[in-house]
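The letters A, B, C and D name the chains in turn, as written, and every chain counts its residues from 1.
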Amino acid sequence: MNFASDNVMGASAPVLDAVVRANAGALPAYGADEITKRVERRLAEIFERDAAVFLVSTGTAANALALATLTPPWGLCLSHEEAHVIEDEFGAPEFYASGAKLAGLPGVGAKLAAGTVADYLERLKQGRRFMPPHALSIAQATECGLVYGPGEIAALAEVCRRHGLKLHMDGARFANGLVAAGCSPAELTWKAGVDILSFGGTKNGCLAAEAVIVFERGLADTLGYRVKRGGHVLSKSRLIAAQLEGYLAEDHWLESARHANRMAARLGAGLTEVPGVRLAWPVEANEVFPILPRALDRTLKLAGAVYHTWSDRSLPAGERVGPDEVLVRLVTSFATEEGAVDRLLLAAGRGGSRAAAE
Amino acid sequence: MNFASDNVMGASAPVLDAVVRANAGALPAYGADEITKRVERRLAEIFERDAAVFLVSTGTAANALALATLTPPWGLCLSHEEAHVIEDEFGAPEFYASGAKLAGLPGVGAKLAAGTVADYLERLKQGRRFMPPHALSIAQATECGLVYGPGEIAALAEVCRRHGLKLHMDGARFANGLVAAGCSPAELTWKAGVDILSFGGTKNGCLAAEAVIVFERGLADTLGYRVKRGGHVLSKSRLIAAQLEGYLAEDHWLESARHANRMAARLGAGLTEVPGVRLAWPVEANEVFPILPRALDRTLKLAGAVYHTWSDRSLPAGERVGPDEVLVRLVTSFATEEGAVDRLLLAAGRGGSRAAAE
Amino acid sequence: MNFASDNVMGASAPVLDAVVRANAGALPAYGADEITKRVERRLAEIFERDAAVFLVSTGTAANALALATLTPPWGLCLSHEEAHVIEDEFGAPEFYASGAKLAGLPGVGAKLAAGTVADYLERLKQGRRFMPPHALSIAQATECGLVYGPGEIAALAEVCRRHGLKLHMDGARFANGLVAAGCSPAELTWKAGVDILSFGGTKNGCLAAEAVIVFERGLADTLGYRVKRGGHVLSKSRLIAAQLEGYLAEDHWLESARHANRMAARLGAGLTEVPGVRLAWPVEANEVFPILPRALDRTLKLAGAVYHTWSDRSLPAGERVGPDEVLVRLVTSFATEEGAVDRLLLAAGRGGSRAAAE
Amino acid sequence: MNFASDNVMGASAPVLDAVVRANAGALPAYGADEITKRVERRLAEIFERDAAVFLVSTGTAANALALATLTPPWGLCLSHEEAHVIEDEFGAPEFYASGAKLAGLPGVGAKLAAGTVADYLERLKQGRRFMPPHALSIAQATECGLVYGPGEIAALAEVCRRHGLKLHMDGARFANGLVAAGCSPAELTWKAGVDILSFGGTKNGCLAAEAVIVFERGLADTLGYRVKRGGHVLSKSRLIAAQLEGYLAEDHWLESARHANRMAARLGAGLTEVPGVRLAWPVEANEVFPILPRALDRTLKLAGAVYHTWSDRSLPAGERVGPDEVLVRLVTSFATEEGAVDRLLLAAGRGGSRAAAE
């Protein structure tokens, strides 16, 4: 019952097979291999347009490189105050952007509203001495598991365009967001105004594979150099490319995400039936954020459930975690088994009766 | 007949098997897994001492992180003027060290003599305005395939100690250097005065696995943070750890290096028998640097041989590449087959008779 | 009636005289001159202890250099969310600290309470992935003109000590804060736990003269190199040194600050007598922050008064700026004449009677 | 007899007077004052074209800011291997350019020939992995006192244009070079192909005043932000502006430079008459580089002469400093008196007879 994160499992079978298959024979190094080329073409197909693609091994690298490309060292990059790029990357964006500043804005469920961003930018520009804003970064899904729909993204992009900002999407859980949004990859990104996407593979079944996708090639001019001097070009570049080839083949990636989301929905629905439990935010992708009585939290842990407590900074208005409660996060993945979900629900005391009846 | 580099092949079988084996089941992320722990213990055993170990996916990252740890942003790091850290890493050391400067010194075969380093430091300190020197970086093997013996390293380390510098070894081809030097890993590193080692696995049979080994733990205090903000901590950290576990098991790594060196020796010996061909530097590890008549170079390429031309900056005194000649590099690896070596020699016209006779 | 800032006037007479006097003759460059030595001794005398002193020409340089000395590139520096180092220095601290992060905390009047800092640090350390906090920076006086007393500083320093942070004081208006606090320079700084002080001269009568004072010499080891590579070592170092010599001679600096504070007190007292006007924060140093009816604001500007509007983020609980009001800042300096204060008050309609009666 | 440098004296009288004159009254801060505007107009007049101008207080800041503007963090900036930007600025260019690399090329008298630069760039681009070259920086006058004529600069600029590099001139001694070259400021800079000029005032009679002059405004887009986050915008910006106003008025700057050059010529001519003394390089601006017998060096120092020994790396072919000799640098300035020159020559034993006869 490990719900700690979607990075505690290894690779899915198709991804691992692709790595094994790609191992044989001599191939040019540093990204000049054919597998890399094929992955680039596959991504172009999936996103319905030509784009510059850079393969790296971590989401932190993908995000930091993307933000550095959009924000000069003296510039400002906006994002939610609880965003992964602000809270969890140990200053990687600031490092790659040579000292640029990340400004955090509030929003329920770690989601930014277009109005919040617009207000911030207008107030900023009334000041006398400010660092110029250059980019907005949003996470798909957010740190609280919410999903931006194409309309919401378009509204944010419109604010960006008005103020001269570029729009980055941290898609560490892009696949989960995509199947939740129920639109096409293009509709969720460049058609809605996203300029650069961190396209995550690791959390959804790869071992270490992320792609920085730059929809407008002009923006990518400097990125090749940035990746190199970050030490992020694998000499045996087939390693990442093969993972993504396996990941993207025959909609395996979408299937994996659908499964993870289904498991989260099942988990969330089950937990709301447990007395004393409520969800901090709705389950939209593959994360569930219940507010648990402390006693239940202890029970679950004793039963072997693994998960993390979570920040309550972005709760909806009116909601709060009581002194005898704890807000936690449960993450499902391509590898989560229905049985594990049900065992946790059972341990939580959700209708032993109902579970039995099913 | 691909002799372009030791990074054109995938993983060796034991390494790939280890990756496949490590794939199953849930494991803590970000280096807290057991495989990582086991690799750390195995390295401690191999190097006969406790050390701080950081696993990363590229040699550039390993070197840049190591040099940044030893050199403050306003400091100087010495190395050979043709060193990989100066010539081939696109400024990664300068990036990770926030603007520190690399100073290149001359030396035959890309090898630094203790006297050269001592003279440089003494002259430097006679100046009025200089950046303080903090580190020396040497490559094992060098860019021209030469190997530093323990005595040579100790002499360099002694100069370092006298002037307050730390000593880094770029061991992208550490295993090849080690089996050539014929001593223990400890004797070739910390016992001779090396403070930090970039321990390479990729070129000798891994897919993407390098370890920064800090022999004195005190030096490693900041390295964890540096690795994180460089985006070099894999969430599914088992990926690199498993490769190294397979690599280091049952002396597989040493066997691979011995094989590569044997193939290079065979290639070098054969080439010296070809009329008009001579070696720029002796073959000590797994690289061969013949000076070829241009006609022969064309013949070999037509025959399908793949390799790169090389710089003639560090030729021995008196040697030069003539106008009708070309200096090239041929690299062998764990995967080089004797047959490929012999086919190249045959194409080079080395005793068709002799090759036949064998 | 220019109350825009305390940097709109040139130098005070004793400072200018000192510059002229110091101009004659040959002197060693780059800080090796005798005037610099004398200033260092004078500061040691004033602060009652040996300290490392670095003279620079701007407050931004002083602050950025100090914070970079205390905070490694992957570290966190706390300060008030409206602090000059966060809001007004265009990323200079992040630049000098090679990408470190500034975290802004709330507090009325841009002043930080020890409890706020302690709570923040405890919450931070409960997280799983955070940049390590290394420094706290407070401004004396604050952006809203408030003054930290020795007790308040000691409380903050105690929190710092408990959590391993160093304490920096941005003393752009140190003299104004000092005469307001009514204690000795030592009591307001190192005796209360301040590690590094940006000692400002420019706003209080110099042309361009600030000193970074490091009370514990061990902390200053790297600062010399930082100043040099920031391009902040004047070759004709006498220029800054002479200003500070004139500034510090015969308590001229204290007299200037007392005058400025007196003018601010007079201005503040007068404004509170104007109908519809109230002060956002009490006048403690040389800045006055009235909330004005918009009509009065227009009247004053038509009458030739120069000043800036101000941020209302740090208003006391319960206070707010109404839709027909505006919050502004009026700054007095060594050069502010009583007549100018009274002319502004007259224009504001404060007791024409009373002003006449005086 | 202080010939240590042209920065050992204070300001010239017209410069100091201008500072005193500019001190009175309120002026907008941060460069919005009228004196700054007037200096910008005056420089446009002198250089016969519109240009973006940034006033800073040190030559290191001017150079580092200029090079960072021309060279991205992953780029290469070429200059002479003994250039001030490489040898004497403690990594300031690397700091401001966030880790860019300076590559040093050889050349007699610290002067670069167009052919040397062209050869370097062609060889560089034959390599497989190189940082892209973006800028060339030349010093006027060079570290060995030589002056680039307009034709030499145009030849270098032509190489730059062919390879996509921008051309920077470090004009710490621009005035001395200009009066030596005997052409107009425009002819020595943008008309010959210079893109950015560090226009030095400090060494020629200012206290601390340099201007970064960007001839093509498009290149200056980011420079304002760079200056700010470097902490190089003086709040009382009149201080630097006033110096330059005094400096540039009525050709005072040219007169000062002519005087300094005359003194150097006199000194050089006199020294060549001293037995055993020869000049390492011809005297072209305000620096003299004699090779002295060690005995004479001791004699001069005993007589009170102050000067520095110098590097012999860029001696002309065939020249060398013997074991009983020493290469030194003597610098003259606006403040050097003929009497001091003659006293030094007398001490050197140059025709006591001839000196008497004059």
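Note that contacts are C-beta pairs under 8 Å (C-beta built on N, C-alpha and C of every residue); 3 or more make two chains touch, one makes a residue touch a chain.
From a predicted model like this one, the values you see are computed outputs, not experimental measurements.
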Far-end chain from chain A, centres as C-alpha averages: D
Chain pair repeating A-C, as identified from B-D, A-B or B-C when over half of the contact pairs by residue number coincide: B-D
Centroid spacing, where centroids are CA-atom means, of chain A and chain D in whole angstrom: 53
Separation of mean Cα positions, chain D and chain B [Å, integer]: 42
Between chain C and chain D, centroid-to-centroid distance (C-alpha), Å: 36
Residues of chain D touching at least two other chains: 73-74, 90-91, 94-95, 98-99, 131, 225, 228-229
Complex contacts: residues of chain D adjacent to chain B: 73-74, 87-88, 90-91, 94-95, 97-102, 127-131, 308, 311
Chain C-facing residues of chain B, complex: 72-74, 98-99, 131-132, 222, 225-226, 228-229
Footprint of chain D on chain C - complex, ascending: 2, 4-5, 7-11, 16, 19-20, 22-29, 56-62, 64-65, 89-92, 94-96, 202-203, 207-208, 225, 228-236, 238-239, 306
